[in-house]
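Sharing a structure with you now.
Labels for the chains are A, B, C and D, by order of writing; each one numbers its residues from 1.
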Amino acid sequence: MALDTARLLITCPDAKGIIAAVAGFIVDNHGNILYADQHTDPLTGEFFMRVEIELAGFGLDEETFSAAWAGIADRFGMTWRVHWGTKVKRMAILVTKESHCVSDLLWRWSNRELMVDVPVVVGNHDLLADTVEGYGVEFRHQPVTRKTRETQEARVLEVLREAEVDFVVLARYMQVLSPAFVAEYPARIINIHHSFLPAFAGARPYHQAHERGVKLIGATSHYVTDELDQGPIIVQQTTPIGHRDTLDDLIRKGRDLERVVLANAVRLHVQDRILVSGNKTIVFD
Amino acid sequence: MALDTARLLITCPDAKGIIAAVAGFIVDNHGNILYADQHTDPLTGEFFMRVEIELAGFGLDEETFSAAWAGIADRFGMTWRVHWGTKVKRMAILVTKESHCVSDLLWRWSNRELMVDVPVVVGNHDLLADTVEGYGVEFRHQPVTRKTRETQEARVLEVLREAEVDFVVLARYMQVLSPAFVAEYPARIINIHHSFLPAFAGARPYHQAHERGVKLIGATSHYVTDELDQGPIIVQQTTPIGHRDTLDDLIRKGRDLERVVLANAVRLHVQDRILVSGNKTIVFD
Amino acid sequence: MALDTARLLITCPDAKGIIAAVAGFIVDNHGNILYADQHTDPLTGEFFMRVEIELAGFGLDEETFSAAWAGIADRFGMTWRVHWGTKVKRMAILVTKESHCVSDLLWRWSNRELMVDVPVVVGNHDLLADTVEGYGVEFRHQPVTRKTRETQEARVLEVLREAEVDFVVLARYMQVLSPAFVAEYPARIINIHHSFLPAFAGARPYHQAHERGVKLIGATSHYVTDELDQGPIIVQQTTPIGHRDTLDDLIRKGRDLERVVLANAVRLHVQDRILVSGNKTIVFD
Amino acid sequence: MALDTARLLITCPDAKGIIAAVAGFIVDNHGNILYADQHTDPLTGEFFMRVEIELAGFGLDEETFSAAWAGIADRFGMTWRVHWGTKVKRMAILVTKESHCVSDLLWRWSNRELMVDVPVVVGNHDLLADTVEGYGVEFRHQPVTRKTRETQEARVLEVLREAEVDFVVLARYMQVLSPAFVAEYPARIINIHHSFLPAFAGARPYHQAHERGVKLIGATSHYVTDELDQGPIIVQQTTPIGHRDTLDDLIRKGRDLERVVLANAVRLHVQDRILVSGNKTIVFD
């Protein structure tokens, strides 16, 4: 996970000459392209591109990039953003009672596999306080009841703002976020759902899976949108099960899936490898 | 696939002493158990067992088994059946236009991987006649329109009866069977659905999958019941896809899944490895 | 993971009537069989069986079982052992510097996914002392140099003996154990090797894999024998890689494999699901 | 599989400005880039690129491309080739007795999944003549004994030359090719080996796998080089096995792997998605 690169992400209508223009711009500014990925959706005609540029020797920086780039962006009608690897992203984690996902993320962070800052973990229960604080990360308890949902959400948002958080991970956070909350972090809230979506959306997916008698269980990480479990999918994985597997076995096997699927989605987000188009993702891995 | 074994399949309420009684019965009749598998559903208290007995030396046969066995069956309230490997199952295949599943099944049959007889393949189109006849198997064309659904089904059933078919495989047969048809072959019609059920049931699952932006596609083989795509699942498998995969790529990758998933389900059925309980299967593989 | 069951593991020459005798014995002693698995190796004629018996109501216990069982064991020439679920196994973990496997095992243990006692973790480096002690488990530092190998091993063995350890997990322990050490825990030392054995045995398997240009990496857990990386394999798994994956990526992806593969092998061992025959395992999962 | 594109494949030392130069060249010649993939090997400093250009509107063709392109190729010291989709590749298949791989390839070809011409299949046995001819493809029987190896190979080569073959697929061809033969088709002979190489290279890999007691079997497709089973790997896949699987089960399960792995490698080759560097492949899929 290179701290010494800039990643330029582009969406625009497909046209001849985009790659040449982008690559020409970078070379004109003495940049070296480490990775360039592009994709054209044949149905919508949209063009997507991710370019990773070595910062060493590159003639532009956070202050000068926009002005220099504006010409090309305008010419092709681009929606774009650039991430500077030097600016480490700040990740908040929201939890309830289950520890496997948050423990896994914090372990990866403490082992420098995930290059982020983790200013705060917020829990609507306080069960995981010790686990989180054991990693030297602040834990904030924000309990919630049916009646206090709105005020609790407001308080959580305040914590995230104070912590200057860039994106939010729902590590088995058992609360549905309001559209107002989601709007604060568009395509920047990552959820893990413990089923192979769109199968078994909603509550108790392992119960649903066990009931239906499927032969595989899955896990899905996706960006959160206003519609529950309907946001753009980032990573999915499945694992075989059989008639001997009880509900508890499904939950146990599922944990191993969930933490890997969520960690992968977080890694892809942190490395700016995901573009969202409508309700789909383009993942340049 | 042993032709020289008998397979005894048992369902009954769980109780102490079932295995001892079954194993004792077999040894008393000079039988050798090659495989014995059992399962107890902790929720329903149902007990399931499959025993595969070497025919060589076994003191019972098709004519004498039932009477000898009745005592134990009664004592434990068993639902049971026994399959004699010497009696090769007769499989019919129903097709429409897609060739990959039927070609694969016929290839396995001709290479003696699938130990069945294939008296007939029925198509509601005649596109696959040459393929089927190239394997030396009779092809019967039974075209259908919206108006002729009932009479066509009756004719198909007649063909299957004449061919003395034991079970039916829907190898991408694009017609919904009526409850009356299904009732003729309970837990003996195997379908392949080109999605990871219960996701994307019904028509055009690859279109639905592409639309939803999933990162895996799947295939599901199941027994056909009155409710479309809701029958007991036998085998499921998934394969990764990405944003570059067009609908055509999904269809292509799906074909490789479908034929393997269907062939596995057929093999399990032929070897009498599947017990159905409610809407689930117990698969003793 | 049932604490309230006994697991009887049997190896003997195949013969008619074994299952009937075993099941009859259990029913005669008022036991209820929860699971019964058996396997006959068609090449060697060896018969293997695992029976899991509910303790509630069973008429035998640790003191009375052997005498009652001796008749059947002798009659069929059985090698056998019985594990009483009430007797929780004591697991030691040996580590060097890598934390992912030991952290994962301790996490599973602390979340009661792994029903064992962990009296001690021994490290030839002290880097992981905090991690281990954070879980409330004793960490013993036993440094080693080329010259002190023998005496260090003796000291480690002493620690294990004092801790009354039942089995040992090498959680990326970067030392080769002597035959004398291995002989103390036959089929009771579980190693995780970071390749798909037998490919890339020995040192630096990810380097070897990267060098060879394979398209999958693997992990293998196996019982330790006198020959390095040659012991009976318990669990193996692979994951896809591509040309973009650097050696660091292989190591990162491999970690996710290793901890799941090792945890599975440990679970199977703890639940007495593994029988060893020559250099192979029979795994009744 | 686009017939209406050109694919430009480039290898050269990494340098700033390559992508800009290539993309600029294409836009200057009124070409539209459909896909552009690139990779830099951080160890060797080699740069690899694949560009797929829409032929419609492109100002260059087979006759004019080289001269126009020479400037850029020289400037960056490129090794390069261009494939014109209009020129359908001619594939020969070499077989012995096993039918699953050749049947699968011919099925894909006849269903237009594989866009190639298949002028000839050569067998050192004549067992598969009917299968091949059933697809309307010429079968040439070229028997071989230990004594006639050299002359047989010469005859096979002659057949391939007459058929103006572009590349050769060894679909379970049980003969080792001489270096002289291999030299005629460098990186253009694709083999399927029925193991997860480098494990179980050489003869009877399923026997070796069964003997070793592995828990997965694999299949590997690779380009043939002078060293047996040592060539650059294109595709690998594995599937789980267990103690119940006999050698025959391994062979059966392996067939399903082999045909998918080989078909994928052939597809990648036909679509010009593979670059070879030393003993590794870069696969732009």
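For this structure, a couple of remarks:
Convention: a contact is a pair of C-beta atoms (placed from the backbone, for glycine too) under 8 Å apart; a residue touches a chain by one contact, two chains touch by 3 or more.
Since the model is a prediction, treat every value here as computed from it, not as a measurement.
Shared contact partners of chain B and chain C, listed by label: A, D. Taking the CA centroid of chain C as reference, the farthest chain centroid is that of D. In terms of C-beta pairs in contact, C-D outnumbers the other of A-C and C-D.
Distance between chain centres (mean CA atoms), chain A to chain C: 37 Å.
Rounded to whole angstrom, the centroid-to-centroid distance between chain C and chain D, based on C-alpha atoms, equals 41 Å.
Chain D has no residue in contact with two or more other chains.
By the touch criterion given at the top, residues 99-100, 103, 107, 111, 113, 134, 252, 255-256, 260, 263 of chain A touch chain C in their complex. The part of chain A that touches chain B in the complex is made up of residues 39, 42, 196-200, 212-216, 218, 232-238, 242-244, 246, 279-283. On the chain A side of its complex with chain D, the touching residues are 16-17, 19-20, 23-24, 26-27, 30-38, 40.
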